[in-house]
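You will see two complexes here that share chain A, one where it goes with chain B and one where it goes with chain C.
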Partner chain A sequence: MTQATVTKSEAERQIADAWTGVKDRLPGAAPLTARREAAFKKFEAAGLPNRRVEEWKYTDLRALMRDAKPLAQPPGEIGRVRARAAGAILSGVDLRRVVVADGVLLKDVSDLGGLEPGLTIGSLADALTQGDAEVMGRLGAQSPAEKDVAFALNTAFMGDGAVIRVAPGVKIARPIHLVFCFTGPVPAAVFTRSLVSVGAGAAVTVVESHEGPDGLDYQVNTALEIVAGDGAEIDHVKIGTEGAAALHVSTLTAALGRNVQFRDLNFTIGGAAVRNQIFARCDGAGSTLSLDGATLLKGRQHADATLVVDHAIGGCKSREIYKGVLEGESRSVFQGKTIVRPDAQKTDGKMASHALLLSETAEADHKPELEIFADDVVCGHGATAGALDEDLRFYLMARGIPKKQAETLLIQSFVGEAIDVVANEGVRDALTAAVMRWLEARE
Partner chain B sequence: MPAVQETVEQVRSIDVDQYKYGFETDIETEKAPKGLSEDTVRFISAKKEEPAWMLEWRLEAFRRWLTMDEPTWARVDYPKIDYQNAYYYAAPKAFVAPKSLDEVDPEILKTYEKLGIPLREREILAGVVRPEGSSRVAVDAVFDSVSVATTFKEELKKAGVIFMPISEAIREHPELVQKYLGSVVPVSDNFFATLNSAVFSDGSFVYIPPGVRCPMELSTYFRINERNTGQFERTLIIADKGSYVSYLEGCTAPRRDENQLHAAVVELIAHDDAEIKYSTVQNWYPGDAEGKGGIFNFVTKRGDCRGARSKISWTQVETGSAITWKYPSCILRGDGSRGEFYSIAISNGRQQVDSGTKMIHLGKNTTSRIISKGIAAGRSDNTYRGLVSAHRKATGARNFTNCDSLLIGPHCGAHTVPYIEAKNSSALFEHEATTSKISEDMLFYCRQRGLSQEEAVALVVNGFVKDVLQHLPMEFAVEAQKLISISLEGSVG
Partner chain C sequence: MSLLEIKNLQASVADRQILRGVDLVVNPGEVHAIMGPNGSGKSTLAHVLSGKSGYEVTGGTVTLDGIDLLALEPDERAARGLFLAFQYPMEIPGVATMTFLRTAMNAQRKKRGEPELSTPEFMKRVREEAKKLSIDPEMLKRPVNVGFSGGEKKRNEVLQMALLAPKLAVLDETDSGLDIDALKIAAEGVNRLRSPERGMIVITHYQRLLDHIIPDIVHVFSRGRIVRTGGKELALELEERGYADYEQEAAA
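The block that comes next holds the complex of A and B.
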């Protein structure tokens, strides 16, 4: 039961070596260097998150990471060709593509021309090198994910990513697609950080997709931080289609002002081991959050969704619906925590997580938590785990629908409830099609 | 609206400061030397005239305990316990196992009388002292570290039921004790259970032979009296094939400024087709309104549904203790076995409750049901922490969990931390939890029909806890209802 880790794992040692090697070459000057150093110290003290850390109980990163890969090199010619083709899951949808390959934002491959008035998109590396005051200010401020060690590693090593700013009152109709891809050719580690600032009364849709080759056990630690001004409207979709051997850790933070509408979908079908953590905080009254998730796993995939919804102030509404479909020996983890701070009265929070186990050997773990310090609130959570409903399947089969098709229909509708949160029709259809492809590939 | 005079008085009479079991009995006691060492363990073992194997068992536990750290994961916050600054054994002086009640110190008898615990069979048989309940209850009274009286022993013996202090059972039925002790809660289970294994002094032992339905309710009444003393009791209940037993447990302690430690272990074993119903009304001294004093209650309770179609049901009403750390659990090992957990946890003042259950489904077609109602008032924190898990082979496992919290007042906290782990696709788990304050609509509806504000609140809260109360045996239901009206009335105003 000792808290401190005496012996460091191989991966922990390699991360420490990597830090010594690259810390002087990472972008950003004085105040940031100290912040990176402090973040690394946090990692050094705690080690990689493991099952002794309550928040990581079901996803033992120390055990999952047998080794830490070296930092990725910027993509070469072949990498650029691959980067151009990345994000195909949303082909046919009208989106503004911003491509981040192997941890580097590629301006020439991105679609940065003709930006709508009030919208700016830049690279984090540029902002850090130039000492952009706003970016530096945000990176220096307390993040809702502050305590997390995986996030601290991201802060220490972050190299590049997108910086998106939407001016107050500006509504951007065309969704922005952040295409993250790993191109190889050898396994490596990627640390990206992106920042999205949405001014008061502004609206934007940000879709991020993550992918890479199946055969490489590359490692991704990515973070996206959203700050929303009063009355902003934000749609965020994260599509996880990492390669079959990839390790993917992602952190999404959202700090919401007053009367914000925030809708988020976390769609995961790829990666060997995936951790998606979301830290959302309501700083102003009247906001509504919908955090939904759809996870489809097979083989020995492991996907963890950990949500912390912090009602720091009253009068907000939060809704979470997470759906997991599990085949083979896969395992899904859902940990959701709703915090209602003292005096956050009139909070309305509901959280639901449902797992559908399609095989004997799949495993679903849920931990939906409530932490409530105010009395005039309505909060609840529900969790279920089980196999496909025999009666429903029988009903469909009795009407002449073959077994597999009946199952497909049922699973599709099960997952559909979560995907419906996506407002953009094109993106929603693309995801529904991805679910269909996954279902058709079932044995 | 202003409270009516009657309510104000009722509230006053039941506020945490008005803990009515807070009196102290002045009695000479013999104690073990202060502190905890191998010598303390040997002292207790010698006092109990235990066989060598028992001492060895205790010493092994003690050595193990020295290597363990106190757990910190629960949502409770208390000053560090100095384990060397307490007595681990306290017995009324010149205590020899009494042959009849006449030999028991009259002061002790008076204490139990004050607590309303009937120890005199005559009176019970005559129905004098318990007008509200018609059924008879056999009582084992544990005073600090020793069992002072066990009633109805003879009658139970006729049915083949063994009901006696565990210290006696170790001497008289060593084969049963040796077979079952520590088989559900192993010596090294957790910090507090290990401590208990080393220093437990008394508790109840129950064995129900095959096919016997225990002719009466069995009950143990725990009382901590001595200052600076911890109570470590151990309860072991074995229901052999096809038998049935209902067991009740109650507890109180005097009001003191210091904190006292209570670390009990309860082990239940149900064989094929057997059923154990275990009910607790926990009313240890909760400390005063400022959080001074009160019992630290660290309890390990676990039932093992070892046989097919066996059933274990836990019902608890928790109103006392400064700190509650308690997770009565069921290991559903036998095919078709069933576990139930019904709980009402009420916290007021500065109480901290971290309680819940574990339902571990191992066998096929095992079912479990959890109904937990937490009510937080004052400046208290009330946490439900529970685990439901189905292992690979637990085909057809079913669980339904419902944990609701009610908050009364703006300074308390209610928390829910459920763990749901499904490793079998045919397992069906449902979990729901809600937290709310009493809805204005409900109150308005009741008031419209002519109820006063307070009556309306009482009605709503009673409806809220009804699911649990109905599972309490008659004897306790009345007491529990009174306890609930307490916390309720004390908080609404």
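The block that comes next holds the complex of A and C.
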């Protein structure tokens, strides 16, 4: 038997060096140290995800990462000023801001006063340092993303992030806005990890936004774990507006109890190369989850949405609608996998991905996968990629609407189907406005 | 000056000639019917007039109020007062009918240098016209033509025509796919829009639409051109004898 010799890439060597330098300084004591060590070993054995790994086939992280940036330093004065101004895409919307800049939760910049009874918001670094039993128990334990190497890297290096807890039965009306920003001044790597734990019958809306300067090729590996108790109702929106040269890898995990309502929208317009992976698992019957996406890309942007919905238990419903609008030489990837376990009868799963190609050189890759091991289920998927419908455009123009305005109207309605699922009106309007700005900036 | 003047219009699709020298003059206040067999080029004429892509004009001229129509984009033609009622109105998911109507009206007004309509003014006009056509206001909140019946789609076309108040309306097979009741409602809507300033071209295969929209002048269209012109009685004659005579004549 021959052992394949894998030559480590420059970035892989730099990550290993960073690990050696930083592992003793990362927050958390004994049980966590072992978990970090195990996670790093997973990375060491597999290397950076690359095109030979089926799940990463279209987003070769090994090739995309020519080098690994040094770990970010906590923000200085200028960084704090920038952090205060971050998240402006949602300005005017009534939200509770929690700011994480350069990988550090900034309490003085966050809006942590007057928390609703039953809501607690803290820093992950604090929880790890104090050995918070609940956080230690939940973090990455039996995670639906367990096998993923990018997620393992996050577990190894995670420094800070937000820990949000909603007590059973508590309904939080005011959305929580996790403002993630990279402030510079030099390119660096950021690893953030957040946990949202929602008790039985509780309700919360969590919006996260990510941003940074256009001119820096910084690197973000961010993860958010959601644990939902029975009957919980959770809205989650992720707004990706990273800087033009940024590499952004994000993992969202959701472990859902019984009768949970989980709605997720993934809105991506920024970043040079973006990977959004979602691992959702139904652990109890009667839950409904909808995962939607709206991606608008131009230039040479690359955005990958990889979804795994695991119906571990029957009687749940999953819906996925992903819309991509592609200009220039941009590329979108949609990989959607629905797993129906042997006993997960009465599963109802539907998935659709649609790409609108506005140029001859844009590319959309769709890879729907159904792995069904039960026999009494309804599952389906559909995928389309095409140009704007000329007949529709003509119809609008024949009514006096100029060409660009007609196209804007059609693209807006195409993307609108995904954005309309956001229940919070302010957030929905802000995203619609962001789409309008993107469309108006078109040539 | 005549409203519309078509002189020796020739057009082809993918190198196949469809229009072979169309001559037609429409004066303000006149309703012209163009009748002809399937495949004679009637709808092509409507599409070429409105500027749909995919057609190549190989000869001739078209003027509306003395302006060269063929040099304009479809939206500019609309703003100049041309309206095409589609044979198959498009469904536009995600665009509410109200938004569509308002965008179209304001785009045309802007191009003509007129101020945009205020919301109350716009709503008032839409409600009035919708009522005349028995269109449920709830329907206007739905995406354009999505889930509309054939009759509802055609009534929506007439509603757009009423709101946009064109100088020249071209109705392409407005009767197709309609039962007699739906046809009557659509025809009544069109008749209300007849005026001394407005010209209309009603394109149809069958005479029955012309029982409800009585034309001033009837043209027989065959193999890409007008082969006969007469009064409204010509339509009845066609109903009786069919198009066979004209097809042979045009081929000869």
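Everything below uses one rule, namely that the second predicted complex is superposed on the first by the 437 of 443 C-alpha atoms of A that agree within 3 Å, B and C clash if a C-alpha of one lies under 4 Å from a C-alpha of the other, contacts with A are read in each partner's own complex, and residues count from 1 in each chain.
As a working rule, a contact is a pair of C-beta atoms (placed from the backbone, for glycine too) under 8 Å apart; a residue touches a chain by one contact, two chains touch by 3 or more.
Predicted model only: the values in this text are computed from it and were never measured.
Judged by the touch definition given at the top, the superposed model places A:Glu54 against chain B, while chain C stays out of reach.
Of the two partner chains, chain B is the only one touched by A:Gly382; chain C is not. Touched residues of chain A were counted for both chain B and chain C, and B has more of them. Of the two partner chains placed by superposition, only chain C is touched by A:Leu409; chain B is not. After overlaying the two complexes on the shared chain, residue contacts for A:Thr361 are found with chain B alone; chain C is out of touch.
In the superposed pair of complexes, A:Gly212 makes contact with neither chain B nor chain C. Interface of chain C with chain A (complex): residues 50-53, 73-75, 77-79, 83-84, 86, 89-90, 92-95, 99-100, 103-105, 107-108, 111, 143, 160, 164.
For chain A in complex with chain C, the touching residues are 390-392, 394-403, 405-406, 409-410, 412-414, 416-417. Within the complex formed with chain A, the chain B residues making contact are 68-69, 71, 73, 392, 405, 407-437.
Taken together, the chain A residues at the contact with chain B in this complex read 1-2, 54, 342-343, 345, 355, 357-387.
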